[in-house]
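What follows is chain A paired twice: with chain B in the first complex and chain C in the second.
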Partner chain A sequence: MTNITPFQLFYRAAQARTYPRIAWMYRHKTWIFQETLLPILSVSALAFVYEWMQAPREYVGMVILGAAMTAFWMNVLWSMGGQLYWERDSGNLELYIMSPAPMMSILTGMALGGMLMTLVRAIAIVSAGMILFNVEFAPTSWWLLALVFALTMTALYGLGAMFSSLFLLWGREAWHTVNLLQEPVYLATGMNFPLVALERVLHWFIPAVALFIPLTAGMDALRQVLFRTPGFIPLEWEIGLLAALSAIFLFFAKRTLAMLERKAKEQGTITVKWK
Partner chain B sequence: MTLSEPFRTLKWATWLGWQIESNWADVRLFLLYMVLKPVSGSMMLVMMFYAAKYITNGRVPTEFLPYIYVSSACYGIVGRVMFGLSNVVISDRENYRMLKYIFISPAQFQAYFLGRGLAQAAEGVLGAVITISVGLLIPDVRRSVNYGAFDLGWLIVFLSIGSVMLWACGMILASAMLNMSRSGTFLSEGIAGVVYFLSGVVFPITVLPSWLQPVGLSLPTTYWLEGMRRSITGPAPEGSPLSKSPLASWSNAELAGMLAITTAVLVVVSQLFYRRSVLRAWRRGKIEEATGM
Partner chain C sequence: MTELAIRTEDLRRTYRKAKKRKGDSPDASKEFVALDGVSLEVRPGELFGLLGPNGAGKTTLIKILTTLLAPSSGKAWVDGLDVVADAKKLRPLINMVSGGESSGYGILTVMENLWLFGRIYGVPNAIIKERTEKMLKIVELSDKANSKVSHLSTGQRQKMNFCRGFITDPKVLFLDEPTLGLDVTAARAIRKFVKQWIAEDTSRTLLLTTHYMAEADELCDRLAIIDKGKVLACDTPANLKRKVQQYPIFELLLAPTDGSKLDLGRVHGVHQATRTETPTNVSWKVALREEAVIGNVVQAVTQGGERILSLAKSEPTLEDVFIELVGHKLS
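Up next is the complex of A and B:
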């Protein structure tokens, strides 16, 4: 028997979970239509709303950015958050728990595969938006843009990893909970409008609390870098917040996964289907 | 088959659909879900309105707000019924693995879908009522709604014809799903997206490029949404950009008539397509097939 280091085990398991998502992109070509052309329809509708209201061009850019980031949020909810729930129904969950590979490697693979798929969708949405609506994306610094994006993704997928255990514990409510976390999150995070609008119309408390959703801070920071619009809080604070959220969510993801594994082994009910 | 069997199927399918939609949580959580989801979707458009109004120093006309708010509340019914019916095929076939049992049972297959669609529609209507009620708490919405123009009679007419129209659209999608895998949900998402873009949900169709406007005018949902808006908030104010819409000069009777004609065409198409799809699915074994990812 060859000796395998923990790192090698982690890497191989993550690679094994990334592969199906990449392979799906080649085998099911409908994603080209579903993941690119369809989102452009809703982007166009909201972009026309701002054009109808004669808002400045950067507001159309915010809609395009919002649509691209929505793709990541949906991926976090459905492909990460709900995934273990569906893996249980298909009988894979007990295999994951029994295998020597750490559950974090399983989720890391899911996250990487999902992120790659979603990146293609996001690039298609942004490119189409730029061409159709003549919007310019000119960041103040490309390195800053890359840093903000990377931190946002790390925090977001860390949250997704935490969701995956929690949704499994919540049972059939998980699907509805995932559904519930779409529109309210779009509103609270300022998906298609500057976050300061929430402060003006409602109360500063709402966007302040929403900042703890990585999407809020990430999008506000990206808007400051891309469109030079004033943010809810300064850019440096948002970068710091995203770094902190990344660490916190990854830590709690590891803890909830460990709790899940222990519960599965002790009780034996967590892998029961349709629970 | 007695005359009561389709109605019995309809009754129990509606009950089942409502149970599936509601019994996953206790009443309080379910009501929270019913309020939060549709209201948040409409509130997002409200925030876009205020963001644009602020940045343009108040140049956005106030009547735009009830337009987008009421439209998006009504559009929620469209999404629920159309997407919901196609989702029934997927969930019953792939998750619960019971579609084949419905098919071979004495229950009327189409009445079953109609019942499940009714449950979705009820949820959609409830969501729309809640959304509009909550919208009246917003001062600008409350001030700009013409309460004297609220017409319950025409509202019932448009809601009734619209229900048949949405059911026919939903049946077309559900029939297509019978012969498609799980990933075919892109079809209903696509149709919902096309309707959202072309039917004047969040902006009048005059905003569309001129070559797209005839496409928007060919969709029955365009007339339905215009009829629903007029019944609830009245016609667009004189001199408003909203009064430049090609449908602004149509009377309610003309709108209802056009909606009825397009709905009749849809019903015929849906019935023909449904029969062909069920036969095809039965012959190819698709009714019991679990397609996975």
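Up next is the complex of A and C:
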């Protein structure tokens, strides 16, 4: 192998692993219809309810924001979380482990590839919402919006990287568990409503715990920036929490990957399929 | 002492079996022993073969040496690096190709797949392109360079995977049944390339597992025969064959003669002689104490008034060696 720095290797490996998703997007253009028009339909249902109720405009905005951010959550969970599992089944995982590229670079490539397509979906939802329902997105600061969004994505995909190791370790049971938790997570994270509503209706403990899911803190912070509505906790605290979650999840993602590799090598399961 | 390319020391690997089921014998072991004290040494520049039936432990050994599997006990080093403790340092130097592997991305073309698996080794784009074009030409897959992998046949996919192993120019390469599923022409081209690749750079080492005895005989400088996790023999193909056949054997085909009284077993220097007669010829198989005795045999035949139709030396094959050591044919 030619002499290269660890950063160069990380970059080249991540770039390489991003490519299959980009190629797929370019070569199977039907996803554009599936990823743009269909989500708009599901958003419209709730938006029409708020319109009929003559609710404040920002409520419809929250529904649109929730739909856009949930797209990332689904991508993290199913696409990224399950990716290593599918890579093992296809025989690619052992090639990645055997290579000098760190697994975090492979996961970064997967994340970037998935994020790109999801970004298109999110932009389509937001744009359609603005046009169809006359919702205005006027952030207090575009830099603040970009910071909150970037931190949310980093924390979210860090969690996804951790999930991918756990999915591989626990196999199909992990899929079933995540499937079961989907609806409770939507409720706890305030997908279509402000988080403070959960405090009023249930107990403050539930949204407090839910804040540790990056989607919750991220959406609450974005609502504060976009709609100037009060959040569950102040914006600065949520930004700090997102930064901390990013660091924690990325740290644990690296640790769980190392632990997974060690266990898989001891048990001989790196190449075992259909576990 | 020159650093060995591959060294294993009393390597063992066991797998825990699935829980006992109803009907299992009470003595049924809870563990399956895949490798049972394997000690091997492979020198740099060697093309080393590993022959054995299914389940012998060949793939388990390769997976340990390529840092994909931890040994249960014992040690292994590749290029002087411990496969467990120094795995990260070792990985840039090695690569592996398995026969019948299904790796790669169907949505990508052949060129794109090879580019991807070159980049995870940090190989620059220009070098990947140059090596890819060269390798695709060797395996006669240049016309499929821009075809999606999902459109390739199994054999074509195997050729692509073979190329993948060489794109990174590894110092130690592991080939696990590389010609599996390939047609005769492709397999021949690959064997020719493998020999050239090793000869080009004496720092390169190749460990090959194969089911094809002729392939092992043609390619390997030395080979180890492995069965049930143990190495039964390790030597050059010629020496292995010599061990099985103590005496040189010749086969003579004679024209049929009425009332023949020829008995080659009585010729001085003949260890054993076997006669087989058909309506059209008489064949003799003679084991000689030394090769020079063939002269006495020919003289005995001609003095007996018989006519020799053909005379050939019979060499044991690796299959003979295998059967002798393992006790059954390679399945």
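Assume the second predicted complex is superposed on the first by the 271 of 275 C-alpha atoms of A that agree within 3 Å, B and C clash if a C-alpha of one lies under 4 Å from a C-alpha of the other, contacts with A are read in each partner's own complex, and residues count from 1 in each chain.
Keep in mind that, in the parts below, contacts are C-beta pairs under 8 Å (C-beta built on N, C-alpha and C of every residue); 3 or more make two chains touch, one makes a residue touch a chain.
These numbers were taken from a predicted model, which means no experiment stands behind them.
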Do chain B and chain C fit side by side on chain A after the overlay, or clash? fit
Now for A:8: first (chain B), second (chain C), both, or neither, which partner does it touch? second
So, A:265: does it touch chain B (first), chain C (second), both, or neither? second
Touched partner set for A:24, first chain B, second chain C, both or neither: both
Chain touching more of chain A, residue-wise (chain B, chain C): B
Which holds for A:92: it touches chain B only (first), chain C only (second), both, or neither? second
Once the two structures sit on chain A together, report how near the CA atoms of chain B get to those of chain C, whole Å. 7
Across the two complexes, find the residues of chain A that touch chain B and also touch chain C. 24, 28, 90
For a test of understanding, state which residues of chain A touch chain B in their complex under the given definition. 24, 28, 30, 33-34, 37-38, 41-42, 44-46, 48-56, 59, 89-90, 172-173, 175-176, 179-180, 182-184, 186-187, 190-194, 197-198, 200-201
Chain A touches which residues of chain B in the complex? 24-25, 29, 33, 36-38, 40-41, 43-56, 59-60, 64, 68, 95, 183-184, 186, 189-190, 193-194, 196-197, 201-204, 207-208, 292-293
Would you tell me which residues of chain C are touching chain A in their complex? 13, 15, 63, 66-70, 88, 91-96, 101-105, 107-108, 112, 115-117, 119-124, 127, 168-169
What does chain A use to touch chain C in their complex? 1-2, 4, 8-9, 12-13, 15-17, 19-20, 23-24, 27-28, 90-92, 94-101, 106, 262, 265-266, 268, 270-271
